[in-house]
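Both of the next two complexes hold chain A, though its partner changes from chain B to chain C.
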Partner chain A sequence: MNVDWLLTHSPALLIAIPLLAAFLTPVIDRINKKARDAFVIIVLIIAEIIMIALAWDVFTGSAHIYTMGASNPTATIPSQAAVPIRIVLEVDGMGAFMGLISTTVSLAAGFYSLAFVKKETGQGRYYTLLLLMLVGMLGMEFTGDIFNLFVFLEVLSMASAALIAYRFYYGDAVEGAFKYCVVSSLGALMVLFAIGLLYGQYDLLNMAALAKVIEYTTLDKIALVLLIAAFAMKCGAVPMHMWTPDSYTVAPAPITAMLVAASQASLYALFRICFSLYGLTLDVTTVGIIIIALGLLSMFVGVTMALPQKDIKRLMSYHAVSQTGYMLLGVGVGLYLLGKSDFDTYGMAAMEGGIFHIINHALYKGLLFLTAGAIFYKVKTRNLNEMGGLAHSMKFTTIFFMIGALAIAGIPPFNGFASKLLIYESAYHVSPILSIIAMLVSIITLASFVKVFHSAFMGPPMENAEAGEVPKSMIIGMAILTVGIILFGLFPGWVVSNIVHPAAQALAAQAGYIGSVAGGA
Partner chain B sequence: MLETTGGYWSPIVWIVAFIVAFLMAYIMWGMGEKKHAKGEQEKPFLSGQDEPSKEAVHVRAGNIYWGFTETLSGYYDFMKKIHTGIINDYVLWFLGMAAIFFLAIVLPGVIM
Partner chain C sequence: MIYNIPFFAVIILIAVGMYAVIFRRNLIKIAIGITIVESAVNLFLITLGYREGGVAPIYTNLPANVVIPGGMVLPVPQALTLTSIVIGVAVLALMLSFVIRIYQYYGTLDSKKVRRLKE
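And now, the complex of A and B:
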């Protein structure tokens, strides 16, 4: 096995390895618990290493295409057919970018879980579902086939719902999972219906082949409406966000961090549908304005609803909604300007800002949810009114929280500032109001996290709290994300040039997406 | 260094500027009054009253930003009203938004 072989097969391996490991985990769990933990962590590390290698190859070279079951995996169209008929994985800059987020957050969540769920029963099932979540995310991000997008969306949703309800002895965990199940099923049904509409017209499921022939008929528009509504709801856009605080709050903290990455996979699907499937055939002005409006609503409603919350995870969940708004705003501005003369300057910068914000958000929001979990681990409550003085005993958690809070509020030199700056400047070009609202939301975000910091970490020490810091594996989980925040904050130029720009370019260049699978736009 | 549409952003320059500003502030602070003996400033004068315990004066989360939420009570009352926590309403919001998207994206093409 050499590096070329590994890189060629890496799109399939990245799905197959966690999938096989997921079903091996309960078997190993029966034999030895420590071996199970080690096995899961090794699988997550392997996935991370392969993903970094694949991503680097994609960022410095070209998209990776993988045809499942073909003797030559790079040959997408069989000799006896005119269009791709097998399942094709297409990992371009955007897919690789999203894959990096998924594997990194999963690795951090895996380490963190070792101690966090140590006292729970059914850990074999927990890790099986955690790996299936990773499979679902990577599948959604890599697939070039719209029906498989639905399949992986379902894999992700079912694994997520089961993990939200993992601590079923809390009644609200089951309630949160039920709500997640209902909205996910509804969204998935809409996606399936949209796929049916497209397949009925074009006899195609491959997205590149579909993009080549799509005409933006009335049925295509109805399919687009269903896809936008479903994925906007799944990524938590206001006013379809209400399931988000209900589910994020009650899930175990490492799973909440993964749910953030899972929501971003839906956000990715929304962008992929708009840019790569429909592209310039759609009315970019109308759809761009819709996405910008969803972004503004999400930013403002999310942050104002976060401010009065007393449950630390519920507060952070509303912030997740708010931050999704920035991504929608950035990429929405890009879509609005697509095909216009300003796209190469302002449109591309807005997309880079929105896409950069995706990875930044995954890192700092993931970290913040892990710190909330660390607090819950020690004080057994999520109620901020019952906390105080934790900085006395939880020094590492305090530092991690401060870094995460400053990053989400867009305080320099952390990573949130760089992506927000790109969004502010480019959105200003479309309308100054967009930038003003975005900046106002950042200020309220800071105010909100000042409240959390004051309530949980400042003041006299709590009398009934378990003394000391959380176990090392939880600190490692938080440290992985913290290192990412600091590096991305210190070297934003390098990150944007080498990681974000290739992702934005891959999304904007529909012809490249079509050409690599279906041979020319 | 990150090139933006309106200029650039360099975290390293920012950190250097922050360190310089911090050092200047620290030097100025060091040049301040030094006559007080250690411990002399610890007890504030509160009109002759004893200082309350730290536990008694720690502002809890529920009271922080009370003025903000009270000023925007109309907005928050509306927000509370629509955040019912009932799944039927979540589904209605989803369907309502799908209908709005339909009106914005599909209807203009059908009419014209």
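And now, the complex of A and C:
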């Protein structure tokens, strides 16, 4: 087993290892609880290491194509059949970029969970579902097959729904999970219907092969509307955001951080459909404006809804909606300019800003949700009016929260600043109003987090609270994300040119995506 | 015309299911609505896959004078439908178990009363 072998098979291994480990976890759970915890962490670390190796290879070299069940993507079995039907995994810059986010957030959530769910029952099943969430995310990000995308979307949705309801004895947790389940299964059925429409016309399921022959007929437009609506709903864009605060609030904190990454996997699917599947055949001006409008609405409505919230996690969930708006705005501007002469000058910068914001958001929003979980762990309430003075006893959590809050508000030198600046600069060229709204939202975000910081951490110590810091494993989980925030904030130039640029390039260059599967079908 | 009837059925079923999900207040009826939409999508896939006069692609059991591979049906839509049915069962089971838990904690299935989160 050498490095080349590992790299060649890494796309399949990254899905297979967590999937098999997920179903081994309950077995090990029967034997020994400590062994199970160690097993889950080791699997998450292995996934992270393989992902980093694969991502490095993709960023410095070319996209990885992995064909299931044949030596190349175009082989037909039996040999006289006309159409190759099989699953192809396709890891290009964008897929590898998203995979890095998913594995990193899962690793942090895994460490954090060790202490967070220690007193709960059914931990074996908790970790099984956590690993299945990772499988769902990685599958969505790697697959080159549109039906496979649907299957992994459902794997992800079902695992997430069950985990949101994990602390079912709160009652409202089940309510949030039911909402999430209804929204995601309706969304997934819309995706399946769109897949049926595309298959009925072209007899193809492979995205690259479809992209080659797609014609933007009326049926294709209907399919595009269904796909955009479904994935925008799954990533929590206004006006389809109503499930986000409900389910983010009630899920256990590490799962909320995972849900942020899961929403971004849906965002990735949305971008993949627009750029790689339809590409220049679609009316980029109209669709670009629709996505920009979704982004602006999400930013503004999200942040204004966040201001009056008293529940710390509900407040952060509305901020998650608002931050999704920045990504939609950045990449929407890129889509709007795709194929126009200005694309190279600032369209690319806008896409880099939007894509960079995805990883920044996963890091700082994940961190903020984890600190909210740490507060809940100690104080046993999410109500901001009932807490105060936590800075006296929870020093690490306070520092982590400050870093996360400054990063989300776009204060230099943290990572949120770098991506927001890219978005402001490039959106300004399309219309100054876009940048003005984006900056305004950033200021309101800062105001809102100042409020949270003041009411949770400042003031005299609470009398009836458990004193002391949260357990070590929770601090490790938060530290993993904090290190990412600081590194990305200090070296944004290196990150943009080595990680974000290949990802944006992979999305923008549709011909490269089609060509990479050797001509498709 | 006769071959288009299933497509009209698909549209009607999706409309009925969406109506149940959006306007019905009983949580079990919402679950039923999702199942109806799912059946409609499955019907759509199966209808797409129907080819008049085609035979199943079982090589060992082919009738005489069937052209290979032109006379056989590529069974992809059927495979998609099977996958979708399996996923649908899991979704329905999960949703109904949520409904059971919600009934235990709230004592009602009315979605207007199950809203502790909004308070």
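In this text, the second predicted complex is superposed on the first by the 504 of 521 C-alpha atoms of A that agree within 3 Å, B and C clash if a C-alpha of one lies under 4 Å from a C-alpha of the other, contacts with A are read in each partner's own complex, and residues count from 1 in each chain.
We adopt the following convention: a residue touches a chain if its C-beta (ideal position, glycine included) is under 8 Å from a C-beta of that chain, and two chains touch if they have at least 3 such contacts.
What you are looking at is a predicted structure, and each value in this text was computed from that prediction instead of being measured.
*Asks:* After superposition on the shared chain, which partner residues are touched by A:Val40: those of chain B (first), chain C (second), both, or neither?
*Replies:* Neither partner.
*Asks:* Applying the touch criterion given at the start, work out whether A:Glu154 contacts chain B, chain C, both or neither, answering first, second, both or neither.
*Replies:* second
*Asks:* With the two structures laid over each other on chain A, which partner does A:Ala162 touch: chain B (first), chain C (second), both, or neither?
*Replies:* Touch status of A:Ala162: second partner only.
*Asks:* Would you sort A:Leu189 into first (chain B), second (chain C), both or neither based on which partner it touches?
*Replies:* It touches chain C, and chain B stays clear.
*Asks:* Could you tell me if A:Phe178 is touching chain B, chain C, both of them or neither one (first, second, both, neither)?
*Replies:* Both chain B and chain C are touched by A:Phe178.
*Asks:* Just chain B (first), just chain C (second), both, or neither: which does A:Met98 touch?
*Replies:* The answer is neither, since A:Met98 touches no partner chain.
*Asks:* Would you check which partner chain A:Leu507 touches, where first means chain B only, second means chain C only, and both and neither mean what they say?
*Replies:* Neither partner.
*Asks:* Looking at the overlay, what does A:Tyr199 touch: chain B (first), chain C (second), both, or neither?
*Replies:* Second partner only, chain C.
*Asks:* Just to be sure I read the superposition right, which of the two partners does A:Thr249 touch: chain B = first, chain C = second, or both, or neither?
*Replies:* Touch status of A:Thr249: second partner only.
*Asks:* For the overlaid complexes, name the partner, chain B or chain C, with more touching residues on chain A.
*Replies:* Comparing touch counts on chain A for chain B and chain C gives B.
*Asks:* Need the overlap of the two footprints on chain A, from chain B and from chain C, as residue ranges.
*Replies:* 178, 182, 186, 246
*Asks:* What does chain C use to touch chain A in their complex?
*Replies:* 14, 21, 27, 30, 34, 37-38, 41, 44-45, 48, 59, 68-69, 74, 76-77, 80, 83-84, 87, 90-91, 94-95, 98-99, 101-102, 105-106, 114-117
*Asks:* Quick one: which bits of chain A touch chain C in the complex? Just the residue numbers, please.
*Replies:* So the residues of chain A in touch with chain C come to 78, 80-83, 85, 147, 151, 154, 158, 161-162, 165, 168, 171-172, 174-178, 181-182, 185-186, 188-189, 192-193, 195-196, 199-200, 203, 205, 246, 249-250.
*Asks:* In the complex, go through chain B and note every residue touching chain A.
*Replies:* Touching chain A from chain B are residues 1-6, 9-12, 14-15, 53-55, 58-62, 64-65, 68-69, 72, 75-76, 79, 82-83, 85, 87, 89-91, 93-94, 96-98, 101-102, 104-106, 108-110.
*Asks:* State the interface residues of chain A toward chain B in the complex, per the touch definition above.
*Replies:* On the chain A side, the touching residues are 178-179, 182-183, 186-187, 190, 218, 221-222, 224-226, 228-229, 232-233, 239-240, 242-243, 246, 283, 286-287, 290, 301, 304-305, 307-308, 310, 345-346, 349, 384-385, 387-388, 412-413, 417-418, 421-422, 425-426, 429, 447, 451-452, 454-455, 458-460, 489-493, 496.
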